Every structure is written in structure tokens, then in C-alpha cells.
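One chain, subunit A, appears in both complexes that follow, with subunit B as partner in the first and subunit C in the second.
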Partner chain A sequence: MTSTPMTARRIRNGLKIPLMLAPALGLVVVLFGGGILVGLGQSLGYFPAIGLNEFTFSNYTTVLTDRNFLISLWLTFRIAAVTTVLSSVLAIAFTLVLREKFAGSKITTFLFQVPLPVPHLVAASGIILLITQSGLIARIATAVGLMDTPADFPALVFDKGGVAIILTFLWKEVPFVGLVILAILQSVGPQYEEQARTLGANARQRFRHVLLPLIMPGVMSTSIIIFAFTFANYEIPLLLGVRFPSTLPVVAFREYQDPDLALRPQAMAISIVLAVVAILLLIAYRRLARSAVK
Partner chain B sequence: MTTEPEKRTGLVPRWARWTAVTSIVVFVVVPISTLVVWSFAFRWNFPNILPTEWGLRAWSYTASDSSRVLEGLWNSTRLALLVTGMAIVVGLPASRALGQHEFRGKSTVEWLLMMPIIVPALVATMGIHQIFIRLRLTETLFGVALVHLIPAIPYFVLVMASVFANYGTALEETARTLGANRYRVFRYVTLPAISSGLLVASMFTFLISWGQYVTTLLIGGGTFVTLPLVLFPFLSGGNNSTAAAISLVFVAPAIVVLVLTSRQLSRDSALMGGFGKL
Partner chain C sequence: MTAVSLRHISRRFGDHVAVRDLNLDIESGEMVAFLGPSGCGKTTTLRMITGLIEPSSGDILFDGESVLSTPTERRGAVMVFQKHLLFPTMNVAQNVGFGLKMARVSREETAERVKEILELVDLPGLEDRKAHELSGGQQQRVALARALIVRPKVLLLDEPLANLDANLRITMRHLIRSIQKEMGITAIFVTHDQEEAVMLADRVALMFDGVLQQVGAPDEFFRTPRTTGVARFFRNGNFLRGHRRGSTIHTDVGPIEIVSTSETVEDGPSVLTVRPEEVRLVNEETDQENVVPAVVTSLIYMGSHTQLTVTIGDTPWQIQAPAAFQARNGDTVRLLLPRGHVSIVADDDTATTGSAEATLAEGSAVL
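What follows is the complex of A and B.
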């Protein structure tokens, strides 16, 4: 008789953690996973709404042999890669300055954080007003005699290289990486650097052999988040990029919203390829970064 | 204040500090003040550095019904509040499990929960769109909120798991030993300990929903209009004054959040440190 409440308690304790995890896991697995499954099905030819239910790879072969797809994939990759690398490097540089105490360091740290909560579209809005051919920078350049007409200013917005897109992402992501690094440095404290200093390490050696190994795991994590985000972002390249070549999310969404429903399976195939490429790149990156850290 | 010489751990020379501080000031202050000036500009042709005529036209248009800004503001606000509430209910238990307990399969669970910020969400959003059409959840507040919750949950859990991991369970056990029931332990011990972290996580969840564009466009079907959806056509249409005014309305809660949380963000290493442990 005494064993029954004991068993009940053990079962309750055993269920405790699964129950705590269930709502969040359920949401991600059922909703997010379910959405991916529907998309995967459609990309493979299961689309009963328009009378398709035969398994086929044709959407993938169509997409993968399309030259325009490869151009868009390359553009998407380049924007995401440049943003990720530059935001990590810039953030490390800024945090080296911001972790020190100096006159005005508090207000500077505050200003550094400002872009973090600002919506991406507002960032894009500010960038547009600054760097279009009739933007503030062009006006200042004209006032000091560097140029005469808007056409003299390089086309940074709506250009094929995606300069404005990258600038907008950088404006948003540098503070994000920077704050993560600052948090790591704060939790570690200065003792390792002091020891290295006592042992005679100069500034470059302390940076290379003490500081960098401490912050690299954090930079790796934020790089993954930033790459995945910029790789899949839709509205910023739509707003600041050219119509051709567009980034893959823009292409996929354009086809998805086409009144011709027959284009939907292709839109799904593009999005699946985008996701697979992102995952493969991130796995490769993790492997590489881990072995580099070791 | 005591014996610490200023350059104790310093690695950077003076010119580098000066460059960094100047670029932070320029890159943050200039874009935002340009937005403010444009919103009050009536006429500002190239190559004038300042508007030649000032006016409130953009602001009065922003406040009018035809701009749909107020409708978007109302929808964005209640949507973001709903998403935040749902994130707390759904995410808090999971954060606690991950922050304070060791169990089999933990790293799998962590990776699963992080999926929405690692796997490009486009295909999932499109798939969900078609599921929601069948469930009649498209063009509804709840349907859009559910989809916003997907990118919000990983961030909320990352931050809160880190907060839970940083505070021990000893006090809770003491309270329980002293006879406090479950509710009282949570209300008087746990909640005060995590409240500042919870506030920050909630505000960032609010902002994730606040900034969503493509998910709202797709699931809201164009009839459920939020601020970013209202802003976009003005940005792409090149109407600088109106775009600037709406941008300023759109950025307002971000500024409030920043003022409330900036001290914690740079001081409490648990908050941002969570993002470094992916």
C-alpha cells in the first residue's frame, strides 16, 4: 500500500520536465515543423488543391538548373557572409574600446546599444535618407565641392552589390554581437589578462592568446544567428535591392504570391533549398570554427 | 576608485578609442536626427543641407485615417502584447527546465527550440499559411500572433534559461521547507529573483513581434495591417517626409525599451550572455 504514493510521486517527478518543455517544444515542432512538412510535400509534388499528388523531383531540377536561381543564391550568400564577417570584426573592435572606462564611456555605450531594439525597416529608412544619390551625404559632398549633381554620387541603394542592404544589417547587428561580447568579458573578469600581463605578454599577445579564445565561442554563436537571419530576410533586400538579381527569399515569396498557383511548388522548392544550404553552411562553419578554436 | 590605473587591461591606443567613439556618435545620431528633420520638412530639395520650408504636413497625414497609421499602431500594439503574454506562458516553464535541470536529451531539446532562428523560416511560414487557411486562422489576430511566437520563443528561452541558470534554487527550497506552497514560492521567491530578466526578455519579445514584416503580410493576408506594413509603401515610394514620420512612430517603443533596459543590458551578463551559448 505504501508503494502507491511513492510510485505516483516518481511518475510525477519523471513527467515534470517533459511537461515544462511541452508547450514550447510543441509550438516549435508542431507549428514550425508542420509548416516545413507542408512546404516539403508541395515541393515534391503533393499539392491536392490544384490536383497534384504525384511524387516528383521536377521542381528541384527546374530550380537548380535555372541560371537566375544560382545568381540569386550567390547574391544571398554574399550579402549574408559579408554582413556576418564584418559585424563580428567591427563588434570585436568596438568592444575593445567600450569595455574600458574613459570620459564619456557610459554615454558612448548607451549610444552603441541604440540600434539593438530599432526595427530593421526604420534602420533602412535612416540609411536611405543618408546614402541615396540625393541623400544627406551626397548633399554634404556637394556643399564642400566634391560633386555637382546627384548622378555624381555612387548608386549605393538599388545597386547590384547590395551595399545599402549590408549597411542596414551592419547597423543593426554590430551592437548585438558587441553586447554579447561585453557580457562575456564581464562574466570572465580581468584576471586572465592580468596573469598574462604579469607573465610578460604584450598587448597583441594578450589579444590573440587570451581575449580572442575567451570571446570566440560567443562570436561563433552570434555569427550563426546573424548569418541565418540575413540569409533569410525578406523585406530589407526587397526595399533596398534591385529587381534583378533579387535575393532568394524575395524570389521565393514573389513566386509564392503569384496568382498562378502552379508556381507555388517551385517557390517551396526554392525555400527548401535555401534552408538546406543555410543548414549545411552552418554545420560546416561550426566544424571549422571548433577545430580552429582547438 | 582605489588603486586601479585606467589602462590596466587596455589594449587599444588613444587614436583607436577616438575613432570608435566618433563613429558610434556619427552612425547613431546622424541617421536618427535625419529622420526627425525629414518628418518636419515641407520642402527639402537637393542640394540643400537643411529644409527650405518646414511644416507639419507629414505628421498631420500620419495622424489621419487615410494613412492607416493609427490602425496599424493599434494592431501592432495588441499583437505584440498578446505575443509577449503567450511567450511567457509557453516559454517560462521551458526556460526553467533548461536553465536549472539536467536531463537526458537536453541538448536535442535546446537545438529543437533554436531551430526557428537557425533554419530560414520562409518555407515554414508558407506551409503554415496553407495550414491556417484551412483552420481559418489567416487574417486573424490570433493566427498572426501564433506565427510571431515562432521566432520569439527561441530568443525568450535563450535569455530566460540563462537567467534561471544564474540564480540558485536554494532559497526556493528553504521557502518550501518553511511550509510555503507552490504558488507562494513562485510569487514571493522565484518571481522577484527573475523579474528584471523577465522584463527584459518580455520587452525583446514585444519588439520581435513589433518588427515582423513578412509573416504578418502572409498570415494577415493584407487585411490585418500593422505598422511595418503601413510604413513599407512610403519607404519604397520615396515619400521621405511621411516615411520619416511613420518611422518615428514605429521606433518609439524601441526607445522606451532602450531607456528602461540599457543599464541591465550592459551590466547583467546573464541577459546578453545567453546568446553566446548557442
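What follows is the complex of A and C.
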């Protein structure tokens, strides 16, 4: 007898949360999911607007067997991976210095975080001004006699290895990882290291066995974000990369914008492959990271 | 087993002097308590012994050798912090075995010693638990085991029981005391709780404002506090001013006889004290010595006794009266200050309030 109102209340409570989430969830599902669904459809050859109604995998076979696609995929992966690893390592190194109290440590910490609110596009322009062969560094080096002409400066921008792209990403992402690590270090305090120290751990051992395990979860989650971001980033490789090879997002957008609408299903196929590869890599990375932390 | 000597240790933080010219010799195998209110410099002293901070001046010796140039990680002074600070990424066995791993002791020996030490702290078989799966008392034991396993030269405990509830604290006191005795380890612990210091330590070192006030066996702080401040910290606020001539203190309420000590204390203005539990109530007809009149100002029934507040002249005194004691505010009672329990204390208040007290002392001398 008493169970009926109880059950009713439980059902009501159970429904409350989904109902409250519904508006936000609906927006995401319709706009994001809808977009993916349309893209998936086009990549599979379903594009009624230009008279394509047959489902086919031919776009995927075309894309995946194209040698240029694989070159772009490798470039995209390499840029994302190098950025992720380097930004994590550099951020750890920087924060270890920054948390020490030294003369000017406050201003240094501030400068370290300056890149955070700067848009990626601005960062890219800055890099161009700085390190192209006609850039500031090349001119200064020539002026002080380190080089004969600015053209002797190595081609870092518009180069096939994507050095300028990686540099721009690093300039933006190192402070991001650093911010997370600094927050962890602040909440943890020096006490664990002091405890380890009285137990006989030297500086290297304290870093390896105490500090690193404490900050690794934070580094792992930010590095996943960075990998996903750089892997799919469009504007930086477009601005700072060479025409060929381009990263996959650039290739996909170029084909998407092509006046020949028949290229669009291929662009969609590239995007879907990009997304799937990114997801697979992230899953693998998480697995690896978890076992590494343990 | 190591003897620890602190020689003229001082530590300044900017303008603030945290510890001032501290001298103390701690014997091998001894358990010493640094006691004092928060901010008195006791934890700073402990951290200087570990090497986590350096003294501004003075020297620290282990077995007669200065350790100031030995870094913390090689000093062998292991600290157990107030927060138990178990490494959150490790399980119990990894936490306890941490020091051995750092010293590159083999896995087999580590496992063996971890098992042994966990039995010693009464936590057998908990090797695989994570720190957050343990209760506060268990965490404290793991922290203790982690320190003991490296066989420290000196074991340092910073308010080790402060975060535990009352019952657990008593159990842990016994555990720490018995392990320390059994292993014959030199141990120093910091506490603000005088009861804890008295129960655990062979000797107590009481500090106020960075200055060592009195060092001695626990009972000395009750029988012969050196100053009014020391007496107050041990919950004795009964002071009576007078003028000493030989073994007699002449006060406004009559002469009080004391046991003349072998120490030569100069005649002159003095402050005497008797602990609340040693003052006795006597009836009118007595003709004993050391009986003074007092006026009752409050009575609080405490169950096992009655806490009586009186004024002698105009000085308030606390007295532990029998539970059945009855009186009204304003009643006059007669107090016996047993000769063996009267002690002379140096007057801290003179030092702080300066000339006013000095004038008072001079005035009574003229009288």
C-alpha cells in the first residue's frame, strides 16, 4: 500500500534529470548528430541534391587507396603527436621551475600564461612575422652578421615538416597544460615531497615516484584534448603549411569547397575517416596512459 | 639509536624569530616531547632537525657529529606529519616500502620487512589497500610503519595524534610508546596537548614564543614549574606574591613556610604557587601552619570533584574541593597550603609588564 506512492515518486525523480537535460541534449543531438549523419550519408554516396541515391563505399576506397591521402594522414598524425608529447614535456619542465620562489617568479608565471587568451590565428601571424626567411629573427641575425642574407635562415614556415605549425601549437598549448599542472601542484603542496625526502628519496626519485604520479592524470587528460584539437585543426596548417602535403582537415575542406560538387562525397569520406582515426587513436592512447600510470 | 644535540639553535623568518637560542641534549633511545601553544616554534625546531629548513644559526649534532651539511634525504631523521600524507597513488605495501625502494633494497626483502612492520603496528594483511580505503587510525599506523621501516636514527612526530578521535588517540599513544621502547629508537614529538606530552614522553621541553621555558621529567612541570607561565600552561593559575626570608614567604595573608631547597634562591620579592588539587580545605579551629583565609566566589560541581574559585586577598585561586563540598558565594573558607607542595616560581608577568610590577616589588620591600 505504501509502495505505490513511493514508486511513483521514484519514477518522477528518475524522469526529472533526463527531462531537465533534454533541451541541451536535443540541440547537440540534432545539430551535431544531424551533421554527422548527413556527412556520413554523403560519404556513402547518398547525395540526392546532385542526383546520387545509391549507397556505395567507392568514395572510401578512392580516398583510402590514394597515396596522397596517406601522406596527409601521416603528416596530420605526426604534427598532432609531436605537439602533444612536446607540450606535455615542456609544460612539466616549465612548471617545475615556475613553482619555485625566485626573484621575478610572479611576473614569469604571468608571462607564461599570456598565450592562453590569444587566438590561434594571431599566434600564427606572430610566428610568421618572427621566423619566416624575411622575418624578424632572420633580419636581426643578418644585421648582426650571423648570416650573409636573410635567405640563409632555415625555411621553418611553409616547410614540409610543419615546424612552424608545431611551434604555433606549442606556444598555445604549453601554457594550457602548464595551467593544469600548476593547479594540481598548488593543491598538492610540497608536503608529499617533504615526506618522501625524510624517507630518503633524492630529487630524481621524488620527481619520478612522487610528483610525476600526482600530476600524470592531469597531464593525460589535457594531452588528450590537445591531440584531438591539433589533429582536427584547420586554420593553423592552412596558414603555415605548404600546399602539398597538407593536413587532412585542410584537404577535406579544400575538396568540400571545390566547385565540382562531385568531389564533396570524397571530402565527407575524408572527414569521417579523420574522425574515426582520431577516436581510435584516443582510445588506444587512454588505454596506454592508464597502464603507464599504474 | 642516536643522541641528538641542539646547540644555540635560532631560526628567523624575515623579522620574526621563530626559535631563539635553543639548547637541548636528547639521549639515545629517549622520547622527548616539544610542547607549547601553536606558533611557539616547536614544529620549526622539528623541521630543522630533519633538515627541511636550516637554522639561521647554531648547530645540530647526531652522536656528536654536525649534520647541518647532510641533506634531509641522507640524514636519517624521518618525519611523520600531522596529516598522514600517504602517497595517494600507492597502496599500503608501496607506501610502507617506499623508503626501502628509495634505498634500493631488494623486492623480496622489502616485502618481508613490510609484512613484519605491518604486524608490529597491528595492521596485518592490509598490503593491497589503497590509502583512501583506510580509516584515520589505520592511515596513521601506516604512516608510522612507513617511517619505522627505514630504521631511522631519529623518529620525528609532528602532532601525530591531532587528527584522531579521543579513543583512538589513547590506543595510538600506547602503540607509539611501546614500539618506541621496544625498538629503542630516539624519538621527538611535537604536541600542544600537555596531557599527551606527560603520558608519552620521558622528558618534556616546553616552548613559548620560540624560547625554551623548561625541560624535565613530566612531573617536574607539576611539582616545580619554573615560571608562572609554565604553571599556567599546566593549568595552575594559583599565585601569591610575597617577600621571601629564608624558608618563609611573608604574604599579605600571613607567613607561608616552604621546604627550603638546596638551590640558593635569594631573599626578596617572590611568587609562590600550589596546584589546585593540592590545596586543602580545613576547619576553623586548626592551628596548623600555612593556613590562609579565602572568600568563595564560585562553585562548579564536576562529578568527581567540585571546582571552587576563591580569592585570597584579591588574588583568585582555583581549588579542587571534594565533590560533596557545599558553600555559598561570599563564605569565608580556610585553606591549607601543604608545605611540601608550595613552590616558588619566577614571575613571567614582571618581565612583560615591566616597571609597574618592579615598583610594586620595591614597595613591598619597604614594608
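By definition in this document, the second predicted complex is superposed on the first by the 280 of 294 C-alpha atoms of A that agree within 3 Å, B and C clash if a C-alpha of one lies under 4 Å from a C-alpha of the other, contacts with A are read in each partner's own complex, and residues count from 1 in each chain.
In this text, a contact is a pair of C-beta atoms (placed from the backbone, for glycine too) under 8 Å apart; a residue touches a chain by one contact, two chains touch by 3 or more.
All of these numbers come straight from a predicted model, not from anything done at the bench.
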Between subunit B (first) and subunit C (second), which, if any, makes contact with A:Glu194: first, second, both or neither? both
Touch test for A:Val63: subunit B only (first), subunit C only (second), both, or neither? neither
Look at A:Ala91 in the shared chain and tell me whether it touches subunit B only, subunit C only, both, or neither; answer first, second, both or neither. neither
Based on the superposed arrangement, let me know which partner A:Val180 touches: subunit B (first), subunit C (second), both, or neither? first
Quick one: classify A:Val163 as touching subunit B (first), subunit C (second), both or neither. neither
Now for A:His209: first (subunit B), second (subunit C), both, or neither, which partner does it touch? second
Count the residues of subunit A touched by subunit B and by subunit C, then name the partner with the higher count. B
Touching subunit B in one complex and subunit C in the other: list those residues of subunit A. 194, 197
Please output the residues of subunit A touching subunit C within their complex, sorted ascending. 191-192, 194-202, 205, 209-210, 213-214, 293
Show me the residue ranges of subunit A that touch subunit B in the complex, using the header's touch definition. 17, 19-21, 23-25, 27-29, 31-40, 42, 93-94, 96-102, 104, 108-130, 134, 136, 138-140, 142-143, 150, 171, 176, 179-184, 186-187, 190, 193-194, 197, 203, 206-207, 211, 217-222, 224-225, 228-229, 231-232, 234-235, 238-239, 249, 252-253, 256, 267-268, 271-272, 274-275, 278-279, 282
Subunit A touches which residues of subunit C in the complex? 50, 52, 72-79, 81, 83, 85, 87-90, 98-99, 101-103, 146-147, 150, 156
In their complex, what parts of subunit B are in touch with subunit A? 6-12, 16-17, 20-21, 24-25, 27-32, 34-35, 38, 46-49, 89-91, 93-94, 96-98, 101, 103, 109, 112-113, 115-131, 146-147, 149-150, 153-154, 157, 203-204, 207, 210-211, 213-214, 228, 231-232, 235-236, 240, 243-244, 247, 250-251, 254-255, 257-258, 262, 265-273, 275-278
